[in-house]
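Order of writing sets the chain letters: A, B, C and D. Residues in each chain are counted from 1.
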Amino acid sequence: MRRMRTLLLGLIIGLLWLSACGTPTAPAPTQTTTTASQPTTAPVAPATTRSAPQQLILAIGGESEDGYDPTLGWGRYGSPLFQSTLLQRNEQLQLVNDLATDYTISADKLVWTINIRQDAKFSDGKPVTSEDVAYTFTKAQESGGKTDVTTLDKAVVTGPYQVELHLKQPQITFVQRLATLGIVPKHAHGPDYAQKPIGSGPYTLVSWEKGKQLIVEANPLYYGTQPQIKRLVFLFVDSEGDGAFIAAKAGQVQVASVPPSLAVQQIPNMRLVDVKSVDNRGIMFPYVADEGKKTPTGYPIGNNVTADRAIRQAINYVIDRKALVQGVLEGYGSPAYGPVSGLAWEQPQATIEDTNLATAKQLLADGGWQAGSDGVLVKDGLKAAFTLIYPASDATRQALALSAADMVRPLGITINVEGKGWDDIEKLMHSNAILFGWGSHDQTEMYNLYHSSAAGQGFYNTGYYANQSIDSTLDLALGAPSEQEAIAFWQKAQWDGTNGFTTKGDAAWAWLVNLDHTYFVDQCLDIGTPQIEPHGHGWPITAGIVNWKWTCK
Amino acid sequence: MLHVQNLTVAFTVYERGLAQKRLTVITDLDVEVQAGEVVAIVGASGSGKSLLAHAILGILPHNADLGGTMTFEGEALTPARKEALRGKQIVLVPQSVASLDPLMRVGAQVQRAAQLSGQRSRAADQAVDQAFRRYSLPETTRQRYPFQLSGGMARRVLVSTAVVGSAKLVIADEPTPGLHPQIVAETLGHLRELADEGCGVLLITHDIEAALQIADRVAVFYAGTTVEMALASDFAHGATALRHPYTKALWRALPQNEFIALAGTQPNPDALPDGCLFADRCPLVTAACRVARPESRSLRGGLVRCIHAEG
Amino acid sequence: MQIASSILRFTARKLLRLLILLGAVAVFSFVLINLSPIDPVNAYIGADMLLISPEQRALIATRWGLDQPMTVRFARWAEQILQGNLGVSIIFNQPVATVIADRFSTSLALMATAWILSGAIGFVLGILAGMREGSLIDRAIRLYAYTLASSPTFWVALLLLIIFSVSLKWAPFCCASPPGLLPDQVTITQRLQHLILPAITLSIVGVANMALHTRQKLIEVLQSEYALFARAQGESIWGLVQNHGIRNVALPAITLQGAALSELFGGAVLAEQVFSYPGLGQATVQAAIRSDVPLLLGIVFFSAIFVFVGNTLADLAYQVIDPRIRIGGGAQ
Amino acid sequence: MSQSSTTPATTTLSSSGKVARIYPWQMNRRQKTVLTIGLCLGFFALALLGGRIIGDAGLSTNLPSRNQAPSLAHPFGTDWLGRDMLTRTLHGLSLSLWVGLLAATFSAVIGAALGTIAATIGGWVDTLLTWCIDVFFSLPHLVLLIMIAFAVGGGTTGVIIAVACTHWTGLARIIRAEVLQLRSAPYVQLAAQFGRSPTWIACEHMLPHLVPQFLVGLILLFPHAILHEAGLTFIGIGLSPHLPAIGIILAESMRYLATGYWWLAAMPGAALLIAVKLFDVLGEHVRALIDPKTRQS
């Protein structure tokens, strides 16, 4: 009776066996030019007169793994593509109307009344009404997605094309939600909306193969200017690695986002577009001394060395930010002296003359630090040494941390550099210097970084920076009636001649560089002037996609 | 058919440390086998006898050096010719069942031997059946695996690998150990049959009694050389008919004779004495024996390698 | 009738063992994940966790039920499993079953070809090296195997990609089908073209283990008694390998190939990252790094089944290959 | 194992029985073996101490001189931060050699032991162990590595223990299959009938046969463990990524492959390859020495 079983299995093994040991005729790579197999892309022709391809292929990464539902966080960096937003930021990052025609804020700054245009339609033909706007805001507020609308109390429909948003407390930066939250149709929003989004944006989704590509086509019912490029393909190759670069080199892609290290290369028929961004990197110093205090979650707070202003200022002055930009970012970046460099609400006076060993040494001497026997500075028994931690998975921050530590060494300050995972960083970020990356169009970020009330809240103000006058300026900024008036206060908080959190003032941080986002773009494709991009997620470059044009005929 | 003159087989092996030394396992061995004749080579176990078989077939390990001349049917046995002949005209009957592939059915292995000896697969198939019937192996043996065979059956399968081909010279390496006496007689009988059918059989064994049952001539092997070539009948007439002192001692040591063992041991292969190899243990030893190796001379119809042996 | 009942009993026993395995694997990985240092909420929010307020974090935690204790979550998960619902993946915001299904189906063809090719190439190389031990070809094959074993596979894949698709433009540079085409527009020949380079790369990279173990075993076989007797029968080196080599060398080869069966399911992170060929490798890595419990458990379940089948097949193959194990009452 | 024809060795017969060599420098096979083993150990010692010998001057960043091709000043060229690749490679080798060696040996030994036990004792022990192997096989590699490395507290010890606890399964299955075959060998069954205990049989009769497969498994695990060290580091559980370890250097250089700075990947890769190749040569010669069949040739 065992015969039967072994016979059966012998057969299976035989099959496996034959396939395993027969010498397979591995199909030799057939001689095919890939363009031939794709009738749609432009045949390879001399650079200048290439006709417009039926579809544009973009390798700029940014696949939203959990789908395209704005209430769960899609499009939180702007230009959700399928949906349209109430407001929009133009190239100069000024707020302009999009779906909304105008909005007014009540005296107590708690009620925002918004009127929307009456000719907007969803891609399924149904009109966009205030019902949809109210529904979108309420849904975003209650669903545990990645977009934070917790300050909204309730949304009230006051007319077919008018809606009122009631906030729990005044927050001018709520305007950022108006500019990023895509409006979803109330009648068509279900659990799998994220896979097949319907919206009133310039494009509609045609097909989405996860991990591979997303195909979109122009939405004929779009109320704004009709895009010249009718069909787009977002190719999800391993973008932060070399995937996009290789795709561009193989001539299959019209736009490819590449890391700075590859931006120095040349690719035929393509030009390098170096887009400014507010994506910045800086060293966060623990501001308070180590008095053995702990956070509610039990992590140590304070660091005696970085609590000394002279140390923080000296480090700010000695670091050569231009060398960092040239060395680490291959020149695709710019020195950063504050958390919002390059934005309208940056304080120009806050910039300092860095690579300045003499001033730094002077500051340290005035601060009472003398050189110890081993060349390391000492002040009443305390050695000028502390640990700088960077996230282990980010090579750029590693490079910045190491270079900064070596630049500071001549001062007599030793910085031991360590790479840790985010969960370790959470434990150490109140008692050690951390190399953080911030940068957003939303001013709330500056508020949360420097306001004492935000200290110890998640990743906000991890150094427990607290300065009464800065707190009050920040509160004034947040409570300002409009973004325009708020800018004066944001600048005052950075530096107002006597006080501020930048280097000349408390030097709470040592901001280092702003990263540029580098793209290879086809010479025939005109992508207009891209806006200053936020922290690098989503597709910031597609903000102005409606007016992209193919110039070669 | 097969003439072997002063064959020498030596190995370069390692001593304890890094130094190498040479083991001359076979020194100036002479033997010859005619068609239809069984020649037995009898010697103490472990004196390098099966190396003679490997030397003839050309499958010595590659750190072995071969000296002397070997001819088969008049032509010199060069390595190339050895390769051409082995399995076809010269076949080996090995000793243990370990020489059979444990994972292959016995029938298939014997059929492979037949194919190697030049037969096409259909003819080989019949040859296997014929051989198995000849040695009264049951029909199911073909499907059996080596580990399922008894000692006797394994022996008969090994012998049948020699029979399926058209071999002229059969070398049987220690066919008798570990078997029931009745099966020993049966195996030797098979070898005798092969000789009677015209093959030359070279029987290598340590069991002198078994050899005497079927051998026409017996070569006595001592410390790597043949000290005496005697007719099987000489042994029947007792020690006097024998020539070399060692052969006489061997004969005397047999249980049915005086059952007296010879004192001392064989000389070590890496330190062979200059003179006669048997000098240390030989009752007739004189100074002359230690000077040079005695030549092999004919005496009363046989050969002996001793200056004192006389008619 | 008797044979059928024995097969029934045999498969029943095997199924029972599989169920115990799945149960243990589920409990084991559930506990492991919860011990893991990685906080799923942080992992879910990802890079812009700096912008999300603590209240929002609490909202996220409740949405995914991450705030309940481990035992409650395991109980709810287990009861879901019994109704055949694998739960929803946190990362992909989709039912786990669909995530696994569509990624597995596209990568199955690639992984199967790679599994067979790497097994075959490895085996043949092992035989060649073992047969001519010490010769040039043996040293070359060993050097090749060790170079592959000691260089990160991404490296090798990227080199091949750059050579073949960028400079020579022989093979497409990415993906399972030409970019820009809808799934139904893709022809079979296009799929094949996109399969060749990744399959060859995976096969080339995966041979080291098989080649070296086979070579080692073949050397032993060629030094055995029966090999000596076969040579005495006039067998050529090729004859030796064909009749005795392959049969005796099969055991380690089968074990390796059986163990590699689980890769069929796991897919190769390598193929996905370098060739952007969808598969479950990257999903597994993400699920592990971002503590996506339902997805991870779903993947672990299926890979457990593949591993079990692979190893059981290998165990049964031992019996077929080696009669002594079968008849000698080897470990059942 | 000899070729078909017996070609006389290059030594001549001397009456005294001692080997007379034609050329004085010509060594016999075993001297060559021992010499190679000596060379391998020498290289490993160099690799282990190399880091200290060359000092860590080259480790500090020097941005202006970044990405320089190999030159006399920097034999292995410089990396994207201007650090000298030769110093990093040597430091990396000495660091990773330990990790790779310990991890590989532990897991190979565990694998061999469990494989032998499973096959010799058989019965429920075998079922239990094969079941454990199946469990370990089906859990995704990375998950196990992260958990164990974290539970043990990360760093190099974390990596070693993690790799050791997860990579024994492959070798265990191969050794088990090998022992299953050995178990039916006549001499093993004979020893059993003489009343020898299974463990004695396993050690005396079976282990010598397993050495070749064991060595192959061990040598293959060595680079694998090193590459896993890099994998864990980037998740933030192993070492800090800027500490030079071969696996990390190789993984990081991956990003620069397309840029044409070939030496970033080629030099450390070659160093690791040489280390692995020497392990193979070492293993091969040690096996040739102790394996009776090849001792004499």
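Going forward, a residue touches a chain if its C-beta (ideal position, glycine included) is under 8 Å from a C-beta of that chain, and two chains touch if they have at least 3 such contacts.
The model shown is predicted, which means the values in this text are computed figures rather than measured ones.
Contact analysis places A-C first among chain pairs (by count of C-beta pairs in contact).
Between the CA-based centres of chain B and chain C the separation comes to 55 Å, rounded to the whole angstrom. Between chain B and chain D the centroid-to-centroid distance comes to 47 Å (mean Cα coordinates, whole Å). One finds 88 Å separating the Cα centroids of chain A and chain B. Centre-to-centre spacing of chain C and chain D amounts to 23 Å, using the average Cα coordinate of each chain.
Across the assembly, chain C contributes residues 37-38, 158, 162, 254, 321-322, 324, 328 that each touch 2 or more other chains. Shown for chain A are the residues in touch with two or more other chains, namely 241-242, 246, 249, 421-424.
Annotation for chain B: residues touching 2 or more other chains are 59, 83, 98, 102, 147. Shown are all chain pairs that touch, namely A-C, A-D, B-C, B-D, C-D.
Across the interface of their complex, chain B is touched by residues 224-226, 228-235, 239, 243-244, 247-248, 321-324, 327-328 of chain C. Remark: chain A residues 241-242, 245-246, 249, 259, 261-262, 264-265, 323-324, 326-328, 391-393, 395, 398-399, 401-403, 406, 417-424 touch chain D in the complex.
For chain C in complex with chain A, the residues that touch the partner chain are 2-3, 6-7, 10, 37-39, 42, 44-57, 59-64, 91-94, 99, 102-103, 116-117, 119-121, 123-124, 158, 161-162, 164-166, 169-183, 189-190, 192-193, 196-197, 200, 203, 246, 250, 253-254, 257, 272-274, 276, 278, 282, 286, 313, 316-317, 319-321, 326. Of all the residues in chain D, the ones that touch chain B in their complex are 1-9, 11, 13-14, 17-19, 28-31, 34, 184, 186, 295-297.
Within the complex formed with chain D, the residues of chain C that make contact are 17, 20-21, 24-25, 28-29, 32-33, 35-38, 142-143, 146-147, 149-152, 154-155, 158-159, 162, 208-209, 212-213, 216-217, 219-220, 222-223, 251-252, 254-256, 258-259, 262, 266, 284-285, 288-289, 296, 299-300, 303-308, 311, 314-315, 318, 322, 324-325, 328, 330-331.
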